[in-house]
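Going by the order they are written in, the chains are A, B, C and D; count residues from 1 in each one.
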Amino acid sequence: MISIRNVGKHYGSFQVLADCSTEVNKGEVIVVCGPSGSGKSTLIKCVNGLEPFQQGEIVVNGVSVGAPKTDLPKLRAHVGMVFQHFELFPHMSIMANLTLAQEKVLGRPHEEARAKGPALLDRVGLRAQAAKYPGELSGGQQQRVAIARALAMDPICMLFDEPTSALDPEMINEVLDVMVELAREGMTMMCVTHEMGFARQVAHRVVFMDHGRIVEDAPTEAFFGAPRSERAQQFLAKILHH
Amino acid sequence: MSRRAFHAAALACCLFAAPVFAAGGTLNKIKDAGAITLGHRESSIPFSYYDDKQQVIGYSHEIMQKAVDAIKAELKLPSLAVKLVPVTSQNRIPLIQNGTIDIECGSTTNNLERQRQVAFSNSIFVIGTRLLTKKNSGIQDFADLAGKNVVTTAGTTSERLLRKMNDDRKMGMAIISAKDHGEAFLTLETGRAVAFMMDDALLYGELAKAKRPGDWAVVGTPQSREAYGCMLPKDDAAFKKVVDAAIARLMTSGEAEKIYAKWFMNPIPPKGLNLNFPLSEDVKALYKAPNDKAFD
Amino acid sequence: MYEFDWSSIPGALPFLWQGMTVTLELTATAVVVGIVWGTLLAMMRLSAMPLLAWFAAGYVNLFRSIPLLMVLLWFFLIVPRLLESLLGFPPGSDMRLTSAMVGFALFESAYYAEIIRAGIQSVPQGQVAAAYALGMSYGQAMRLVVLPQAFRNMVPLLLTQAIILFQDTSLVYVSALADFFGAAYKVGDRDGRLVELLLFAGAVYFVMCYAASLLVKRLSRKGTAA
Amino acid sequence: MSYAWHWEVFLQPAASGDATYLGWMGAGLAMTVALSLAAWLMALVCGTLAGVLRTVPNRLWSGLAAAYVEVFRNIPLLVQLFIWYFVLPELLPPAWGDAFKQLNPVTQQFAAAVVCLGFFTSARVCEHVRAGIESLPRGQRNASLALGLTLAQTYRHVMLPMAFRLIVPPLTSEFLNVFKNSAVASTIGLLELAAQSRQLVDYTAQPYESFIAVTVMYMALNVVVMSGMRWVERKAQVPGYIGAK
């Protein structure tokens, strides 16, 4: 489904990504982790072309992301993405947030787009909030709406870029619950996150990055059981025991 | 802005707008200050204007100098300082009223409306209002202007006459009111208007500035006769008497005629053009019998 | 096509330069008076005394609601007499420059007052509290703590306003005062070369203002870097 | 020497036309309003376009937009007006220039004033729009693109609507400035409010009454525009968004 081959990216002489390769198969859940500045957010943004890259190739559902002729909006329409800071559109009601791209990108009639709303909001437990504005919701609620907004496009896969790291601790679980649910339904997911509990619970594989490189790419049990690299061991030790 | 601002504004209006007037007459004021302030124009050729060295010159200006000499003699102050303030047709009346300037000799028509606010000396010139147009424009007289763009200078009698003519005779002219004579002539020269209505003497003066003076002509029956006078502060008989006497002396002694010849019958700055504007019957009559009558 | 003739300009340079000095003089006076009087107005507006706050608000709103052109016409009519009687200037001294200066300074103060008020308000309340906690009086807290910080934040805005003011001085044209623009216009009018002189004036203003705005940009970059 | 107040002068029939002098002032007010609104419309359109161009990831376009802003911001309004009115028609191909100069003078003056004020103000609007766009979190743009919206759609539906809400206060003061700046049109002879004050002085010889009346009219205009923009500001508030009160 997502194939990342030898991807490299640099700003001037600064190497952000170097020779990154991995695969995400249909129905698979991949967690990408690593220390801050390791390039994991950049990598996930390369997948739907939000960040350009200079070397290598990324193919999503048979379409090469970096190729100049690729119709990026068309590709992105089918790749859902959830951001660290939610990025709901503050000047639109929750319902309008859900329908905007359906109408403008997929060309769905207004009524059809609206009709999808209640079911999606039900799914993230926020049916009553449709008429409110993003600023009137808590962070956890906003992030759940953001997930619903991505799902409204009927994506073939979902990208999560640190979806819980801007949240207060008591709100993290409400978002993770939605993500677990999604994973159980068989959604193809690539998640940048530090939530190791979530990773253990649903991820098929864990990708560990450091200094722009993929240091480890292992099945979940193998990664948590016995990480091969020293760097990953240190990272796990820090993140799991405090 | 709020209601508060309105209150403040009202206050400011009361404060500022009640003009503060000195008592005791202009002559005393001049004597106390040791200085007299003259108002002049910047581009009223050949009455009062700047030459290319930014010195004020002109027919009216020369007459004003003579009046100043008479004031010096009257006050026995030969070293009286003289200050020059350029005025426009918009601000000349307020500036006389508020005492910024003591006397203005330029090209100001003496009329009854203005007499409500200022006084006028003995007249210094008489003009007729006519048209300046391109020789090949086909404009011979005012009747030819129907439906055309015509320019005049804002705040002048010509502007009123032109508007009235347009209203009365339903001529459908589009009237442009330029800020000053220079701008009015520019409007004519660049083709925005087919004719420029103004006092004939001033039209000859503008002609002198043209890139090709030979292309232009002054045409049309004079629409009005107007007397130019020097503006003086209102209700100051003593001051007016000195100025009037000086002007009358100039005219009856024949000196005025010499000044006239210098500015209207000889080459003048800035381009050394000769206006060739012979002495009219009206001006001759004025020189013979000086007076301060308005024509309307 | 139009035939340009720039020959009027070289001979007129001394007169144009004289005009530029008038322009610069006007700008400098208005900036200095504007900042001083503007600071006072801003402090009055923020003060707890209703009368002072009321006066400052009225003043600022009044001047900000009238076109500068009207203000200049007003001052050209009124100030000469008023100054004569208030300050004892000799009657009849050329008041055009003085009245333009006074008009500009009073007008621009209203704009400066708003910039400075915003600057003062941008200093966190905690700073005032900290100053009081150290035992400072209101005046000391203002002078030693608040205003220095406020002015540092405001410098780019104050300078930008000065550039706007420099451009605005061209409006004294309505009072027949020969500032740079007035001088250029008069030369153009006299020689029938208005097109050339207007383009020349526009170019000079552009070069000066653009250079000044680059300088301000560099200054404010330095300020944020420090 | 004393000033003779004659407030009743405004009710007297004017020197030409059927109106009273009060009618002249009304006509001036109408001209000021028409001029300002037309210029504001133009400034909003051009300023928004230029503001968007300044933020697009394309050196050439953003550079052009920056040059546009610098030109219109660094030349005094009065000089710009004179250039539009006196200079431009001379520099155009003679046929065009002459065609323009044959138009009704009021049309010429109005057109020159609208274009001048419009461009002048658009440079300032452009900077506000740019600042508004730049103050939005970068993630907004990414989120919108990630949903498959094109860059144009992103500006149209996400960034501009939000940016405009943020910049209502500075736009309000620019709008007020348009009304005040419109007074310069009097220098090319357009009979708007400031020019009427001058003309009233000429015709009535009552300078103080004329100036006071016109000044008060400007202040009233200011109040009306300000309360209008307050209403817009209230309408534009985004519930729950920081900055909304």
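Keep in mind that, in the parts below, a residue touches a chain if its C-beta (ideal position, glycine included) is under 8 Å from a C-beta of that chain, and two chains touch if they have at least 3 such contacts.
Being a predicted model, the structure only gives us computed values, none of them experimental.
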| item | value |
| --- | --- |
| Any chain in contact with chain B as well as chain D | C |
| Geometric centre: closest chain by C-alpha means | D |
| Label of the chain whose CA centroid is most distant from the centroid of chain C | A |
| Separation of chain A from chain D, taking each centre as the mean of its C-alpha atoms, in whole Å | 46 |
| Computed distance of Cα centres, chain B from chain A, in Å | 82 |
| Euclidean distance of C-alpha centroids - chain A vs chain C, Å | 54 |
| Whole-Å separation of chain centres (CA-atom averages), chain B against chain C | 34 |
| Multi-chain contact sites of chain C, meaning residues that touch two or more partners | 62, 64-65, 74, 77, 194 |
| Residues within chain D bordering two or more other chains | 86, 90, 187, 198, 207-208, 215, 219, 222-223 |
| Topology of the chain contact graph, where touching chains are joined (line, ring, star, complete, other) | other |
| Which chain pairs touch, all of them | A-D, B-C, B-D, C-D |
| Touch list for chain D against partner chain C, complex | 70-71, 73-80, 82-83, 86-87, 90-91, 93-94, 176, 179-184, 186-187, 194, 197-198, 207-208, 211, 214-215, 218-219, 222-223 |
| For the chain B and chain D complex, residues of the former touching the latter | 1-2, 5-6, 9, 13, 17-19, 21-22, 89-90, 93-94, 97, 99, 113-114, 116-117, 149, 154-155, 159-160, 163-164, 166-167, 174-179, 186, 190-193, 233-236 |
| Parts of chain C lying in touch with chain B, wherever the complex brings them together | 11, 15, 54-55, 57-59, 61-62, 64-65, 74, 76-78, 80-82, 84-85, 90-96, 175-176, 186, 189-192, 194 |
| Chain D to chain A touching residues, read off their complex | 137, 139-140, 142-150, 153, 157-158, 161-162, 165, 238-242, 244 |
| In the complex, chain A residues that touch chain D | 45, 48, 50, 72-81, 83-85, 87-91, 100-101, 104-106, 132-137, 146, 149-150, 153, 159 |
